[in-house]
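In what follows, subunit A forms one complex with subunit B and a second complex with subunit C.
Up next, the complex of A and B:
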């Protein structure tokens, strides 16, 4: 084992929580049963790392095997880094029939053609997701395994989720993805977050949604609360309407855990009480950021409790509707989602 | 818009009604449950997010004996909403049939000015100001008990005591009230 792979192994083990280390090593399967038995998992992380490195050296494992371990860890706990969503558009004729073996072969060959020194690992996970690990190098240097890019793609869906991708590598990855998935264009989906499953669920609409219908009475029946004659809610009607409108926008049940939403405003300041600001010819620039453990849940609560006016403003409702959490708001640009001044958000 | 009046309906026997107004609609639920639980007289609890109350319920609504405004100190909106709601109350209510209940007053992030504003509000309206703990069940029961004691008086269940007494005995005087509504001085 060379120094580089030792370094990587050290880092991978440092990232794996001590509770799951045993299971992860078992899944990896590069250590013999006897070797696994001999490891004392109660000792400190540092000592544990040294033991594992010694065993790996004994087994003469190479970089390839270490990257396998890293991949297993990333697949098991994908919430350790920031994921960005990319959207593929304009599917070609064969886009619906791409299957795993063909995708794997094509992706590898295309990327190797673009950058000669690159190490690619592709693995199909149980939930139909394809996990791609790319260690980048350039014409003169060998692939850097310390800063790999991970990409997750579900076949037959137009979304790819990537993490730690630099602007230099982005066009290369985009091109390889386009060629192997038979799509024409790729663009930013303006959605990012730490929870991979959450951004996937939001984009693919895999949460319990509710669609507007004209029979609100059907919905109230689901709530089984016997009214207490001594406890009467005066504004019960408006409260239930608010609840229904909030559910129509954000859905019922558990929501994907989106943590932030950013609005970049570049609009004219509109406030009748503030003359100096509203008469300025230049647009008012600011960034509005909402942060929460579960932002959609919070927004739904705001709408149900009446803190946010219902029907929910377009800027807030387009988070689940469009599956985005970055918005650039301008006054004239038709491409932007909405035209509302900062003071009203 | 309809203004809530204290004397436009007849009281019913051995019962009292209390109206809880809270913009957040969080604490009022648990408080209502605690109030309804084991009482020696019938208590009708009405919950509202803000005043005015809808006209449709006018017929079924009993005579309201005590109006409680619950103000969550952590939210500016809560105070603002209370201020606007106050306009829809008949002046006769301010003779001892209104009280303000403040929650989260011990939260350190609350600006001091807001508590002063609430105190001033209570002093201006000659009404009682109560502080309550809404996070623990004990705090909720305690708050409910205090409200029930006041409710008994304002509904006329206590002999020899009327709401008018309450007004002068429990009004908030902890804050500097402008001299024109203060007690006249004799020097």
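Up next, the complex of A and C:
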């Protein structure tokens, strides 16, 4: 086993938490049962790493096998990297009938055509997701396995989720994806986050949405089960309308765990009480960032409790409706209202 | 007599003639007057009738409005003091209301549709069902502006909503678009359900490959003759149908797929849903 492989193996094992290490190694299947049994999982991580490296050397495993292990780890716990969403636009006529084997062959051949030295691994997960691991090299260097790019795609959907991708690698990957999925263009979906499941559920609308024709009684059921006849809830009507509008905008039940959203403002400062700032001709640039463990639930709660006025403003409702969490806001016309730089989103 | 003597006899004769003529005409005039009077009376009656009809229509409309708002009983109480026949009027109001509802439902193609957002949008509900069981319900919110636009929906991304909208010309014919979408969704739900049933009911059949849109299914089962594994590929290239358009058998023993019984199985799989076809094959004893 060469140095690079050892390095990668060290890094992979370091990333896997001890609780799941045993199961992951079993899933990998490159160690014999006897070897598995011989590993003492109560050791320190360092000692464990050394033990595993020794066993792998014994079995003469190569880089290829170690990348397998890395891929298994990433598929099982994808929330360790930062994912970005890309959107495919303008499907060709055959886009709906692309199937896995065809996609795999085409993607591999196109990418190898574009980048001479590249190592590609494609795997299909049980939930019909295609996982692609790419180690980039170029005409002179061998593929660099320490900085791989992972891409996840569901066939027949227009979304691709990617991890670390440099500006040089992006057009190459885009080209290969477009050719193998039969779409015409690819663009940024302006959605990124650590939790792959969250951004995927948001884009593919896999959470429970609520529509105006859902039975309204379902909302009130969750509140007090037995209304006290001696109590009259003064604002029951407005409260239930707020709750309904909030659920219609954000959804019902558990929401995808989006963690941040960023608004980049490039608008004219408008405040009648502050002459100096309003008089500046140049637009006022600022960045507003919201962070939360579950941003959508917090926003929904804000709307239900009345902190945010309902119907929910477009800037906030765009997060679930358009499925993005990065917005670049500019003025559409000179006469926008004060303090609310709503417009070009 | 003086006038007769002063004017002459002929002029007197003329006067007498005129008088006699007048006596003849007068009875006609009075009958004419009688006629006109009769006409006036008839018109008055008609006027009363029309007034009564207008009044009935007005109350009917009021009742209709209240039926629409579903507060008919209060209105009826108000009416009862004024008019008799309120029961009849109530029924007539309800009847016309229901007729209008049925017509509206027919116009929309029978989908559950409600108005929203201060009447600026509609929300359509599309239910899917397969073999008598209701499956998922999908919702669409369509903005009713000069250009119809789908603002909010929970249709999965692998159903090509935009291209279906363009294909069926949503701007001019919403019903056609909803029908096409409903076809696609029901076919998808049917295929998904078939796959689920195959997985549940046939443990010996292995699903080698499938995709999210359920348009490709590759199964592996064991033929009872010589216990050879057979790979069966089902291609559903028509996305509006839940039956495959192509069935392919692959086997190590290349004679097997060409044998007449397996060719029959081929056509069986093309005509019956997968889970039923597999049940038949298992009962006949051709697969394990």
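Brief remarks on what is shown
Here is the rule we use: the second predicted complex is superposed on the first by the 319 of 345 C-alpha atoms of A that agree within 3 Å, B and C clash if a C-alpha of one lies under 4 Å from a C-alpha of the other, contacts with A are read in each partner's own complex, and residues count from 1 in each chain.
We adopt the following convention: a residue touches a chain if its C-beta (ideal position, glycine included) is under 8 Å from a C-beta of that chain, and two chains touch if they have at least 3 such contacts.
Since this is a predicted model, take the numbers as computed values, not measurements.
Under the clash rule set out above, the superposition-derived model of subunit A with subunit B and subunit C shows the two partners fitting side by side. Contacts of A:314 after superposition on the shared chain: neither subunit B nor subunit C is touched. A count of residues in subunit A touched by subunit B and by subunit C gives the higher number to C. Applying the stated contact rule after C-alpha superposition, one finds that A:234 touches subunit B and leaves subunit C untouched.
In the superposition on chain A, A:20 makes contact with neither subunit B nor subunit C. Of the two partner chains placed by the overlay, neither subunit B nor subunit C lies in contact with A:184. Residue contacts after overlaying the shared chain place A:305 against subunit B, while subunit C stays out of touching range. Seen from the Cα centre of subunit A, subunit B and subunit C lie 80° apart once the structures are superposed, a value rounded to the nearest 10.
Taking every C-alpha of subunit B against every C-alpha of subunit C after the fit on chain A, the minimum distance is 20 Å. Across the complex, subunit B meets subunit A through its residues 19, 23-26, 32-33, 36, 42-50, 53-54, 57, 60-61, 77. Contact residues on subunit A toward subunit C in their complex (touch as defined above): 91, 96-97, 99-100, 128, 154-159, 203-205, 209, 211-213, 321.
Listing the residues of subunit A that touch subunit B in their complex gives 228, 230-235, 237-239, 305-307.
Residue ranges on subunit C touching subunit A, taken from their complex, read 112, 114, 116-117, 123, 125, 139, 141, 152, 154, 156-158, 160, 163, 209-213, 215-216, 237, 239.
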